[in-house]
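Which chain is which? They are A, B, C, D and E, in the order written, and residues in each are numbered from 1.
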Amino acid sequence: MMLKLSKDKIGELFQKLASSRTLYLPIDNNGQVNFGQWTPDAVVRLDQLKTVKSAKDFFFPQTENIVAFKRQGKDISIIENRDQNEPFVVFGVRGCDARSLDILDKVFLCDPVDSFYKARRENGVIVSMACAEPEETCFCGVFGIDAAEPQGDVTIRIIGDNLYWDGKTEKGKALGESVKDLLVQATGQDLEIIKKQDERSREILSMLPLGDLSLDGFEESALLEKFNSPLWKELSQACVGCGTCTYVCPTCQCYDIQDFDTGHGIQRFRCWDSCMYSDFTLMAHGNSRKSQMERFRQRFMHKLIYYPANNDGVYSCVGCGRCVAKCPISMNIAKVIRALGVSVSV
Amino acid sequence: MPINEKGGAFNPLIVAFCCNWRSYAGADLAGSSRLNYPVNVKVIRVPCSCRVNPLFILRAFQRGADGVIMCGCHPGDCHYTSGNYFARRRTALLFSMLDFLGIEKGRTRVEWVSAAEGAKFANTMNQFAETISALGECKRLEDIRCVESEI
Amino acid sequence: MHADEKRLTEIIIRTSGVNVRKCMKCGKCSATCPNFAEMDIRPHRFVSMVEEGDIAALLQSKSLWRCLSCFACVERCPRGVEPAHLIEAVRMEVVRPQGGNRLRPEAIPALLDESIPQQLIVSAFRKYSK
Amino acid sequence: MRRIRDMMRSRAGELLREGTVNRVLGWKNGEFYYDPNPAVFETEESLDGLVYNGFSAAMLSKYLIDATKKEGRILVFLKPCDTYSFNHLLREHKVNRENTYVIGVGCDGMLDIEKLRTLGVKGIKSLDENGDDLVAHTLYGDKTLARRDILLEKCLSCKGSEHKVYDELAVVDDPWQWDTLDRFAKVGELEGMTPDERFAFWRGELSRCIRCNACRNACPVCSCLKCVFDNPRSGVQAKSNADSFEENMFHIIRAFHVAGRCTDCGECSRVCPQNIPLHLLNRKFIKDINAFYGEYQAGADVEGKSPLTEYKTGDVEPSVVYERGGA
Amino acid sequence: MQKIGVFICWCGSNIAATVDVEAVAEAVKTEPNVVFSTNYQYMCSEGGQSAIRNAIAEHGLTGIVVCACSPRMHEATFRKAAAVAGLNPYMVEIANIREQCSWIHKEKSEGTEKAIILARAAVAKLNRNVPLFAGESPVIKRALVIGGGIAGIQTALDVADAGYEVDIVEKTPTIGGKMAMLDKTFPTLDCAACILTPKMVDASAHEKINLYTYSEVESVSGFVGNFTVNIRKRARAVNSDLCTGCGVCVEKCPSKSAKSEFNQGLCNRSAIYIPFAQAIPNVPVIDRDACIKFKTGKCGICEKVCTAKAIDYDQEDEIITKQYGAVVLATGFKPISMERYDEFQYAQCPDVITSLEFERICNAAGPTKGKVLRPSDHEPPKTVVFVQCVGSRATVDCGKTYCSKICCMYTAKHAMLLREKYPDTEAYVFYIDVRTPGKSFDEFYRRAVEEYGVHYIKGMVGKVAEEDGHLIVQGSDLIADKQVVIKADMVVLAAAIEPDPTARSLGTMFTASMDTNDFFTEAHPKLRPVESPTAGIFLSGLCQGPKDIPDTVAQAGAAASKVIGLLSKDKLMGNPCVAGCSEPLCNGCSSCELVCPYGAITYEDKMVIDHGVRETRRVACVNEAVCQGCGACTVTCPSGAMDLKGFTNLQIMAEVDAICR
């Protein structure tokens, strides 16, 4: 059932949503837009196509404390930190990010289940948002994502003066119920407008320059051939080994677990790791991937071959294009797909 | 007496890095002359002021220090001839940077104290402790993970 | 020592800014004093008497009015004690409490003399009137 | 810049052919006009992919640390500001000058794609550069822009068109010129604020930090084989921005470690995915160094000591910091 | 995993009165790896040390923390005790709970709390300690003495007599120093020259002593046992090997208008000169500023008259590089300048002189051949006023805050000699105090008063004015409470003495610390009075503080015995707390090399194994014998490759953490 709300009442909507749970949505901090907690004076930027970081933070935060060890005299007590039961809404998630959660689910919800992640998934409601003006860096279509009508618990579209609210799942419908005073039934004319908008969006999406990227050749059977490709050396030469691509990526899921000595005890936390880092998977004997080329290769092999091989052919990339936009030296997955994909098909 | 957020009397924590040859000896002299200075001042002995790494200073603030003071030989009188000259440049720049980041500049200090200046050491510590008491708890460079109640 | 003298000693030490304990009793102040013969209490004794709090005698001293304020003693003292400032401070204690304006503006024209510099009048006015 | 690109291609071809060099380090064209990436070209044919335009900002000096360890001589293209970093690396014995052939390339100022986007230009496929006039071809039509409006922050206070080190030059007689700004203006503005305002400013900026290490890894001065922040045995290792302290600590220490060495190349701010003005930290140190110890430009030459490895007996006391106004 | 024992000292009541030692012992038991803790009345006593030794054996301790007085006091004691029990001495940490805790705090609760924190910090540091082993370095069996006055000569003779080579570097053309300028010495009144010149001859004739006169130390490197010193031997323009010391050149020299330094400028000397008759070496030197040949190129008379052909105008300064195991500073003193004391008219009246000038006037070899005559008109004075404490004990202007110590005695001597030679001459002494602590000193002063009738007036001189060829001295007589005016013919000022100005640069060169008055400081004011805090540097004579000749000679001997003690060792155990470079982390950037004050760091290309990767890298190498352990390199190293043993980054951070916990 399509509902709608006049755009000038959007503040009331946020107020209402935030009254019963934490509301996260794109907020401007000195020109940079990231998902953040809504406050009445926050600068909300729903027009921003891409937040710098993705929405994965709310389910798989950059750092989280997992357990603490407290020292009293010579005794050590263990303190659990599992209190992720706060309900929250992430509002304005684009199609790519919405899809990325499926990819993370496959990692964190398979056995053994990551209880921290699971708790957050259960407590979080995704309000996704349709893209009307995609950018040249977008290539979600390559992974079968329809940015004009993204998945999510609720999907919204902002067209003209209206916000259209489409509750899709039980969770989404329940959320709609909690703000039903603000929403009215969309008319037939509205549905017409929506249809037209979706068509226009899809037309632009089809014209995107990266839309022609082909994933042919990234099959499991080509694993060794890809692994041994001489192109990795050439492609990785520019890589400076920073973690930008992995940290802005909505699907990167590697983490490290470290201990922090607080002086009163030990706080064990997990934090994002990046396969681009020289200390990634560093072990006592050293690093299993000694060169940046090996680390660079790992990232793309994982996204394009290892992951799909283990997950029914689903690639660990949603084509959000953040890495395309943010890489300091403009090396990215699009260039990798272009270089390696073509080399096989030729 | 300033009151901290927890409602108790504010007892500032002051870390003093003292070079072994002059300032630490000056602190000893303050002791053997029975010159009082606040119990809040805790001295860490380093061979020379040039051994004081900015990491140590930030570490102290991270762990809840409210003020950090570095004492060394008077310029020109370094046991190692030039260590304090390097330390002087390093601290001038580092403390200027902390000020630039909005850390109250009263929280850092450099003082040259010779082995004969027990009284100067005690006076310096008294003054510094007063300054820090007036500034109150250091929040801006504190690491919340190190606050005891957080764990 | 009388409570009053004690209070006066403190005032004199405070207003003069002199630390009488720095004196090492070398007598160079008196040795250098150009008006030594006229002084009943000599600069070096002035210092020790303030140190002892013997203010009553100082208040009566002729030296208060015979000190030329030449500051030779201040200049020569090897310990920076500044006896002349002490004398000045005691003098002010005598002048000020004795009440009222000892120099009234209307009295000035009569005092005027070609040879008296203007500064002297101004300085006297500052000292002797309230 | 197209003229310079042509010169680069032809000279690179000649040098490869005559065997003076066996590799060429330059910028390779990408998917769009604005995303050339640093690349090594080993054959004359591959030089067709060599580009040089307003988006060749990525500095090539740091790549030479590894590249010059390899056999043979490598040709590198350095913009004027890149030569300072190259000199700095020479000073610290990080690159092998003998294995390097430097062509100094002229520069019209590099462009900031973020600024273009902020100006509302979306879906940029390519650009035409012609002096001050730029035309962006986008998914949503063409847009005309002025070059001066979208220059990278670091280029607004350009150090000048002089190359500090080179074997030969590829420059034009009539480069596009622009007015540069006082590089310390923003630092001065911050210094003029109250400590509370400064704290609020930096908290706002640094709170965006995601500890991706791009600033560090792109920095030509941060060339440690293993950074203290990556070393589990250093006692200060920190992989995540666990809290505000870590953000402060990382950036203060990073700025301190490059103090007196930073060439003010501005790469840290350019590469920051969160657009944190990190260069201001470095410029604060440079401004203080200039004020306390005399003007110093790291990378202007190869010899001599840097401000933190020398001293004068009459140096200012650290109390100079406290004597400046403010609380 | 360490096993740490903690020992808390009461220091009698010094600690125990303000620190609850039981509570400290109890509190530290919960610290990581602490397996034992106890307290004892005097930890440094044999009983305390044996308690430590026993606990080490009984509990298998791997490290100990002693909570006691300053580590500057007893760290060495406890390290030795640990070593006896088989523990590495660097597994000992001291928590200073006396000087930095019990003595500065009054409240027992506060003191106890702080002592616990300090103990905790020491335990935290100790948990990061590793055994350290000192390197050895050889001892060069030769000493350098800087300064050829009585202090330097005596030290050199004593060291040389023990069989070690000694070089004396003296900046003037002769050894002898200030003592050579003196007439008689108090309180025995024996002639200074008579007792000094034999020693000068001994020094020059001693086969183990080598003199470098007219020479200065140019630069120094190295460390205790192995200093390398560059000595600049200035050109005399006279070949010492050829010169016979006949003195014809001095006689014939036409330029005779230079002031005689030896005679305090009271008379002139020639451009080529021997400072005084008994000078050693007896070789003239050409004063290039006064010499006509050097100024105009003409003259050359000395060269013509020299039968030995010793004159060499082209002679150049020579740099001599030698190695020494020990260095003795004996740089001496000079009277302060009287130029700024306008009240005494020193600069204006030639008859106002300093005591040292008076010495020369009294001396038979002096400008007046021993007759006391006024410099202005060469008439014998009828009345002489001596003024003591000129510039001493003064806190203002150009004065010195300290007592110059020798003035009371030499002034009594001067007045006495004057009255003895000229009974008709009146002598007045203005004094603030007369200080005569010394054997037969007060008797000497009383003799001057009682037997020789010297007038002692308690008070200071305020003014000296010239009037009709006399000096009108106006001073205080504090006992009579009157101002006295004396019509004198000569005024003698007992000027304060100060360290020789060359001491400052030598102090910097040798890293010998100085006090605010530029006297060298001793390693301990009472227990190590002849050693500088810098190892291998010893102090002799007035460069350490004002003293008279017997004290100087005694100190010179003491310094010599310390030098002999050092040189008698074949090897020195080094300080193991030195810098070390972790090669896999080193970037080869050279920053550490640039800041090292000792040149202890060099760079080498080395094969480095870094996490299984083998490559040749340019890495820093520390010369452990040269490194003194300041740590400048550790902070300048961005990657943390450089660390300082005994004070590692992790150790100091552990202390910070423990204190801030």
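FYI, contacts are C-beta pairs under 8 Å (C-beta built on N, C-alpha and C of every residue); 3 or more make two chains touch, one makes a residue touch a chain.
For clarity, every value in this text was computed on a predicted model and none was experimentally measured.
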Legend entry - Touch-network distance, subunit B to subunit C, counted in steps: 2
Legend entry - Contact-richer chain pair (by C-beta pairs counted) among B-E and A-E: B-E
Legend entry - Per-chain CA centroid nearest to the all-protein CA mean: B
Legend entry - Separation of mean Cα positions, subunit E and subunit A [Å, integer]: 72
Legend entry - Rounded Å distance, subunit C centre to subunit E centre (Cα mean): 46
Inset, instruction - Report the inter-chain centroid distance for subunit B and subunit D in whole angstrom, where each centroid is the mean of the CA atoms. - result: 36
Legend entry - Mean-CA-position distance for subunit B and subunit A (Å): 46
Legend entry - subunit C: positions in contact with at least two other chains: none
Legend entry - Where subunit A touches two or more other chains, by residue: 260, 263-264, 282
Inset, instruction - Would you mind listing the residues of subunit E that make contact with two or more other chains? - result: 595, 636, 649, 653, 657, 660-661
Inset, instruction - Could you run through all the chain pairs that touch each other? - result: A-B, A-D, A-E, B-D, B-E, C-E, D-E
Inset, instruction - Going by the contact rule at the top, pick out the subunit D residues touching subunit E in the complex. - result: 92-94, 222-228, 231, 233-236, 257-258, 305-306, 308-310
Inset, instruction - Would you pull the subunit D residues touching subunit A in the complex into a rising list? - result: 30-32, 34-40, 55, 58, 62-63, 113, 118, 122-125, 138-140, 204-205, 207-208, 210-214, 216-218, 226, 230, 232, 237, 239-242, 267, 270-271, 273-275
Inset, instruction - Note which residues of subunit E are touching subunit C in the complex, please. - result: 343, 389, 391, 393-396, 399, 432, 458-463, 474-478, 481, 483
Legend entry - Residue numbers on subunit B that touch subunit D, as the complex places them: 54-55, 58-59, 62, 75-76, 82, 85-86, 88-106, 108-110, 140-145
Inset, instruction - Please give the residue numbers of subunit E that touch subunit A in the complex, ascending. - result: 30, 611-613, 657-658, 660-661
